[in-house]
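Look for chain A in each of the two complexes below; its partner is chain B in the first and chain C in the second.
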Partner chain A sequence: MTDRIVIVGGGSGGTITANRLAEELEPEIEAGEVEITIVSDNPNHLYKPLYLYVPFGEATLEDTKRPLVDLVDRRVNLVFEHVTEIDTDGKQLAMANGEAMDYDYLVVATGAIPEPEETPGLGEDEPGHHFYGPDAATELREALANFDEGHLVLSVIGTPHVCPAAPVEFPMIADQWFRERGVREDIEITYTYPIQRLHGVRPTAEWMVPRFEERDIQTKTFFNVDNVEDGTIETLEGKELDFDMMIGVPEFTAASIIEEAGLGEEWMEVDRNTLESEHAEDVYGIGDVTNLPTSKAGSVAHYASGTLVSRLSSEVRGQTPTETFHGKTICFIEAGTEEGTFIEFAYDREPVVRDENRFLHWSKLGYNEAYWLTARGVM
Partner chain B sequence: MSETDIQADVTVDAIGSACPGPLMDLIGKIKDVDDGTVVELLTGDEGSKNDVPEWVEEANHELLDIVDEGEHWAIYVKKT
Partner chain C sequence: MSEDMSDLEAESEAIQDAADAMVELQQDGTLEDLTEAATAISLLADALDDEMVVEAAGLANELGLVAGSATQTNTIRTLATMMDAMDEADTFDDPEKVGMVGAARKLRDDDVKRGLGFLMNFLGALGRQIDRRADAYEQAEE
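This part shows the complex of A and B:
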């Protein structure tokens, strides 16, 4: 009998897990005992952290994507179809083409989806920009290229959001980018955050304060954007802030099939150490779709995939799984266009944010290229 | 442990959610409900005891009570 492992989603979590499983379970696959399939509605794998660089002309949309067929191990089946339903009792997926797919083990890796439309005035062809998608990042690139005076506001609207460092990086890159273009003194920059400090991760918030002051980046806290009208942001707290360019970090959500399948009310609810679904047998979650109490960062999917592959391989072999995940997370943080730093933390360990330097900036740029090896399960 | 007579209209269960999760979960709920609604926030994050009252004051809502339930806290907020 063949064990069918089906992975829904071809982003970081799904692709890395599939490639590592193919390597780990090679003997079982060769013997016809295991079959691994990725079902993805996108034939391309997207490296979304690069969207941060698109508005500044430092990356193109082509840089952000590679065909899944070029990244995924040849021992993994690829099915390009949209999954419309997960039946965890019958262990079966329904797909948009009307076909069904049975599984013995399911890995859900459907990611987090930006919802700019949840904030009136935010999104494409609206006064408020964002950079969490190809079209939005391209639109913002054009707007920034033509912006040489006025008030730029970056507002974090929803948490949790993907790429937790991006809102920290954007104003600092913008500051230096405007200086290099000779227009910084004609541009005021303001950063806003929903709670009483500048970032949810406390040490990151503390690191930001002197750096934003040095760069003359204004800040506003307890600032929950309610709507973005032409030229004015209104908040839940009754505040108003005028802008000439507004960039919002939108709310994010899980795919609707998660709630419909009973896998979680908001995010997919998993055990934070085993990654097993809290609601269904033989179902695992990985990456941004989960409710893991850490950041929605690619590094979390990367590190968690090691645990998931180990546990799933043990299950397939009839052994007791032993490996557990403890929330390891790493995020690079750009502090402008020439220096950077990084933070590393876990469920029970807060990060220490070191001073930024040129080496870590170049490390981040280097990793943006090396990422494709991570997706292949190589590093 | 303590008790309260406050009857909540809706409950936001943010137990297990790390900071700033509980406060953001509360803000999201307050955004959706009508004025006068009493929201109960269940949180295991001790920082919520300070964060939530600060935001409630900033946003001009009403903090009704903070109840220590042993393993977690129940914070009652009325939208005004």
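This part shows the complex of A and C:
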């Protein structure tokens, strides 16, 4: 009898997990006892952190994607279809082409989906820009290239949001980018955040304060964007802020199949140490789709996949799973165009932000190039 | 006040520990080595720019992806076997020219049959891998 492991989602969590499972369960796969399949509605694997660089001309859309088949072990089956329903009782997926797929073990890795449309006035062809998608990032690139005076506002609208560093990096990169272009004196930059400090991660917020001050980046906290009119942001608190260019970090959501399948109300509810679903047997979650009490960052999926692979492999082999995940998270933070730093933390370890330097900036640039090794399960 | 005192004490202890460590490094010569190594890092910092880092990391990435495939067990064994065979074949020592008749005669050799079996197997696997990728590339470009 063949154990069918199905992974829904071909992003970082799904791809890394599939590759590591294929390596771990190689003997069982060769013996025909295990089959691993990724079901993805995108034949390309996207490295979304690069969208931050597209508006500044530092990356192209081609840099942000590779065919999934190039990044996946040959033993992993690929099905390019959209999953429309998860039946956890019948252990079956329904797909948009009308076909069904049975599973013995399911890994849900459907990520977090940006919802700019939830904020009136934010999105393509709207007054407010964002960079959380290829078309939006391209549109913002053109707008930024033609912006040489006025008030630029970066507003974090949704929390949690993916890639916790990006909203911090954008104004710092913009500040230095405008200086290099000789127009910074004619541009005012403001950063807004919805809670009473500059970032959800307290040490990051503390790190930001002096650095935003020395870069003359204004800040507004407890600023919850309600809608974006042409030239004015209106907030739930009744405040207004005029702008000449506005970039928003939108709301994010899990795919609707998560709630419909009873796997969670907002995000997929999993045990924070075992990654097992709180609501269904033989179902695991990984990556941004989950409600893990840490940031929605690729590194979390990377580190969590080790635990998931170990536990799932143990189950397949009829052994008691023992490995547990303790929330390891690491994020690079660009502090402009020449220096960078990183933050590292776990469930039981407070974040520490180090002073920025050139080497850490280069480390981030280097990792952007070498990310595909992580996806392939090599690094 | 007592909290400030205990902070000061902790800091003072940390400074003492750091000083002790520096003395040790100085006495055993490690500090001098570290200082010399630091000048090399300084050179690296001055010589590198973003473009060089991106190029080098990009190359390492592509090589790494190939190496990742190359380290699969069967691949390593097959590559090693083929390299042994290249060495045994002694290609340049009075190389034979084999025509159609000679080839037919050689096909009666059990070792040649075994090698041909591998080649046929490999061609079948190559065809399957090409099919798998060609379909996926076509969809990726849509």
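The rule is simple: the second predicted complex is superposed on the first by the 379 of 379 C-alpha atoms of A that agree within 3 Å, B and C clash if a C-alpha of one lies under 4 Å from a C-alpha of the other, contacts with A are read in each partner's own complex, and residues count from 1 in each chain.
The definition used in the following text is that contacts are C-beta pairs under 8 Å (C-beta built on N, C-alpha and C of every residue); 3 or more make two chains touch, one makes a residue touch a chain.
Everything numeric here is computed off the predicted structure, so don't read it as measured data.
**Student:** More chain A residues touched by chain B or by chain C?
**Tutor:** Ranking chain B and chain C by residues of chain A touched puts C first.
**Student:** Tell me the contact category for A:210 with respect to chain B and chain C: first, second, both or neither.
**Tutor:** Neither partner.
**Student:** Touching A:32 in the superposition: chain B (first), chain C (second), both, neither?
**Tutor:** In the superposition, A:32 contacts neither chain B nor chain C.
**Student:** Does chain B (first) or chain C (second) touch A:318, or do both, or does neither?
**Tutor:** neither
**Student:** Have a look at where A:294 lands relative to chain B and chain C in the superposition and call it first, second, both or neither.
**Tutor:** Touch partner of A:294: chain B, not chain C.
**Student:** Applying the touch criterion given at the start, work out whether A:98 contacts chain B, chain C, both or neither, answering first, second, both or neither.
**Tutor:** Neither chain B nor chain C is touched by A:98.
**Student:** Which of the residues in chain A come into contact with chain B in the complex?
**Tutor:** Residue positions touching the partner: 158-160, 194-196, 200, 202, 222, 224, 226, 236-238, 291, 293-294.
**Student:** How about chain A: which of its residues touch chain C in the complex?
**Tutor:** Checking each residue of chain A against chain C gives 26, 43-44, 67-70, 74, 78, 80, 358-359, 362, 365-373, 376-379.
**Student:** Which of the residues in chain C end up touching chain A in this complex?
**Tutor:** Spelled out, the residues of chain C in touch with chain A are 45, 48, 50, 53-54, 56-58, 60-61, 64-65, 67-68, 73, 129, 132-133, 136-137, 139-140, 142.
**Student:** For a test of understanding, state which residues of chain B touch chain A in their complex under the given definition.
**Tutor:** Touch residues, chain B against chain A: 16-21, 23-24, 27, 30-31, 51, 54-55, 58-60.
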